[in-house]
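Okay, handing you the structure first.
Order of writing sets the chain letters: A, B and C. Residues in each chain are counted from 1.
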Amino acid sequence: MNILETKGLYHDFSGLEVLFDVNLQVKEGERLALIGPNGAGKTTLFNTITGMYHPTQGQVFFKGKDITRSNPYQLARIGMGRSFQITTTFARLTAFQNIRQAVLSKNGIRFQMFRKLDKMQDITKETDEILKRINLDGQRNIPAGMLSYGKHRSLEISMALATDPELIMLDEPTAGMSRDETHTAVELIRRLTEGKTVVIIEHDMDVVFSIADRITVLHYGQILATGSPAEIRENQEVKDAYLGDLEY
Amino acid sequence: MSTKLSNWILWGVVIILLAVFPYLVSFYYLNMFIAFAIFSLYAVTLNILLGYMGVLSFGHAMFFGTGAYAVALVLRHIEGFPLLPTILVGGLAGGLLALVLCPLLVRVSGTAFAMLTLAFSMLIFVAALKFREITGGEDGIGITSIPPLNIPGLVSIDMTDKINFYYFAIIVVAICLYLLWFYTKTPFGSLIVGIRDNALRMDYLGFNLPQTKAINLVVSGTFAGIAGAVHGLLMKLVSTVGVLDIGTSFKPLMMAYIGGVGSFFGPIIGSAILHILEDVVIRFTDRIGLVNGTIFILVVLFAPQGLIGLFNTAKAKWFQKETAS
Amino acid sequence: MSPTAVLYVAQALHGLAYGMLLFLIASGLTLIFGMMGILNIAHASFAMLAAYFCFTALKLTGNFWAALLIAPIFAGIVGVLTERFLLRPVHKHGHLAELLITVGIMTLILEIVKLFWGTESLVVKIPESLNGLLHIAGLTYPVYRIFVIGLSIVILGFMALILFKTRLGKIVQAAVSDADMVSALGINTPLVFMLVFGIGIWLAGVAGAVAGPLLTVFPGMADQLGMDAFVVVVVGGFGSLIGAFIVALFLGELNAYGIQFIPRLAPVLMFAFMALVLAFKPTGLFGERE
């Protein structure tokens, strides 16, 4: 079953066409990489899928349900998680507090005004477990804004995962990372998304070819090609537009 | 000594001091203390929006004033309206006003929010001035006597006695402050701070922002209304200048800022400082506005984190020295 | 002209005069916000300061024109000093700090004015040359108000010329749009800021000095003017001169006709209008900046 599907998706910003008849299919459980040159519309596609924008035309389906007009918070509640290209965490809160917010949402605790948060031991336990799994337990009480870049990006990715979503959308998770940080991040992503569906926007081709089951190439707002990594590697159009003749 | 024990002792001392206070000072200072308490609560409600949710309410007097007017009107028009429901009416009025404004206020933040609240509070101020038949215009509405505190079947406490009223006012304010403090410690309280720090992330984590903001606004408005209600009872007169004017909107802002918007107690400290200052300065000059304004500018220039911020910086420096040596 | 027509035209002219004054004040305010991100709560207070300066200058020199010339300049100087020593240091502490310090400045100016000039209303006499009534087509209208309108138009025309036809003006326009970019281009933005702030205050000062004879000079002068100027800037759009112009004139007329025909509702209408605009377009009718 396609866990995520877009049908005839168009989007423009005051007349500037950014997405053009995008028909994306994501199979349940697969890891799909979305690649393409800068300005191809990858982040815009993410934004229309995750509810930040409502597409000017077309539809988006999640688990068979029409979510075209849904808002981000509604999608988070039915199993979609998203990380951002620009780190979007609570900079002044600690790593622990950051994850805890996600844990609260996951447990549906949205209007609890009658208990002290710090006294809720099950929440604390769950949060600490997650911190351990993402190797941030050592930085538990450090404000997110003071974490090293790599750790901060890891926190960012974890915020997308901590609500335990079925579909995870990662927007350039390794952006700005060093070689080593990238390795750690890739390992983290692989480990934490076992059995889940992942759509990942990436520019780092090594990351793409090591994670992705399938690749979709976006170019000037349109899907140029889609297929297995091997197919995409050999695809002449893709090479001309994006990959060049470098051997991957 | 454990922190918990020292906390209990601290609060015990505070309670004892508060209890004996009326027997130590004149009525003038008693009333001043009540005013300090009222404005502490009022300033805290502003900080629930500013420090905690990250939005500046530039017209907070509208909630305070609406609470005050509600009380004055209820006591004027309904014979024998009891005391506790009167206070609750004040809170209800403030909360209702916030609720009514929510659809607009939850959709904006930053400067737009500040300007909208300013606009609405000016609107209400002018309306209160113009519709004299209801509000008494500039002259306002007088409260002839504060109803007694009736606990059915038990006791009826006369509130015209200043000391009784002091206990009543302090207890009301203390309860409200405790409730608000507890509120900030709950999971919902952390959502509010989340909105301040990164509303986008809150949205993507699955939180309904407009709803959450609305609840916080109503909480702020309700308790500001209660503060206004007690203020009305203290002053025995509710008129536009003093509860609805822009000065009344700026006071809690200055208090919160001077004390420090980053902490729950900051506004309380700010309220204490401004009230003490006013009392001290008045002996030397009646140019209290000049002194207030200058001090405020100095605080903004040199201590933007407020007094609590200064305290925290000093503490950090002291600990640094400790570990260094 | 028939008597009713006369009434309407007179009101329209009142509205125009007040609208022009509002625009003089609001234009500085909106430029300052657009460029520096500072919402100067104290802006109208400077106008009031200039009115007081004008009063004193008139007493000292006995010459209205000299007073009218000197007062706004003095106010402008105070404005420049304020920017340099009170606003610039606070910039790094964020927008809230900037906003709050302008609140403090507003309070300070009010107290200083009460300290040096007292709380009584002061009368600034209109000079003989501008006193009297003009008779046109059956309409009898005070000359001074025509003067106010005329002077405003001249000054604003002059400002528009500088803004749109000179290099400095282009820099200012660019800085209003994107100050960081202008700074990156090597232009001394702190100097430009100081200049624009000073001129913005000067414009408000002209409005204040000129309004003195009309409104009388008293400590509460800044309240009404300030509130109205805010509505103009907020509704017109931050950083937009056109928006400020249109809304200022609209507000002037609304005030004039409102006070004449629906005195109770007029001020309420104005704020209701502002709330409405903000609800649907938080950046104002013509505004872009957050």
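Structural remarks
Throughout what follows, a contact is a pair of C-beta atoms (placed from the backbone, for glycine too) under 8 Å apart; a residue touches a chain by one contact, two chains touch by 3 or more.
Small disclaimer: the values here were computed from a predicted structure and weren't measured.
If each chain is reduced to the average of its C-alpha atoms, the one that sits nearest the average of all protein C-alpha atoms is B.
When each chain is reduced to the average of its Cα atoms, C sits farthest from subunit A. Note on chain placement: the centre of subunit A and the centre of subunit B lie 43 Å apart, centres being C-alpha means. As a whole-number value, the distance joining the C-alpha centres of subunit B and subunit C reads 34 Å.
Subunit A and subunit C have CA centres that are 50 Å apart.
Partner subunit A is touched in their complex by these residues of subunit B: 182-183, 185-191, 193-194, 197-198, 200-209, 212, 215.
Within the complex formed with subunit B, the residues of subunit A that make contact are 50, 71-73, 76-77, 81-82, 84, 88-93, 97, 100-102, 104-106, 109-118, 120, 123, 159-160, 163. Those residues of subunit B that touch subunit C in the shared complex are 50, 56, 104, 107-108, 110-112, 114-116, 118-120, 122-123, 126-127, 130-131, 250, 253-254, 257, 287, 289-290, 292-294, 296-297, 300-301, 304. For subunit C in complex with subunit B, the residues that touch the partner chain are 39, 86, 89-90, 93-97, 99-101, 103-105, 107-108, 110-112, 114-115, 227, 230-231, 234, 238, 264, 267-268, 271-272, 274-275, 278-279, 282-283, 290.
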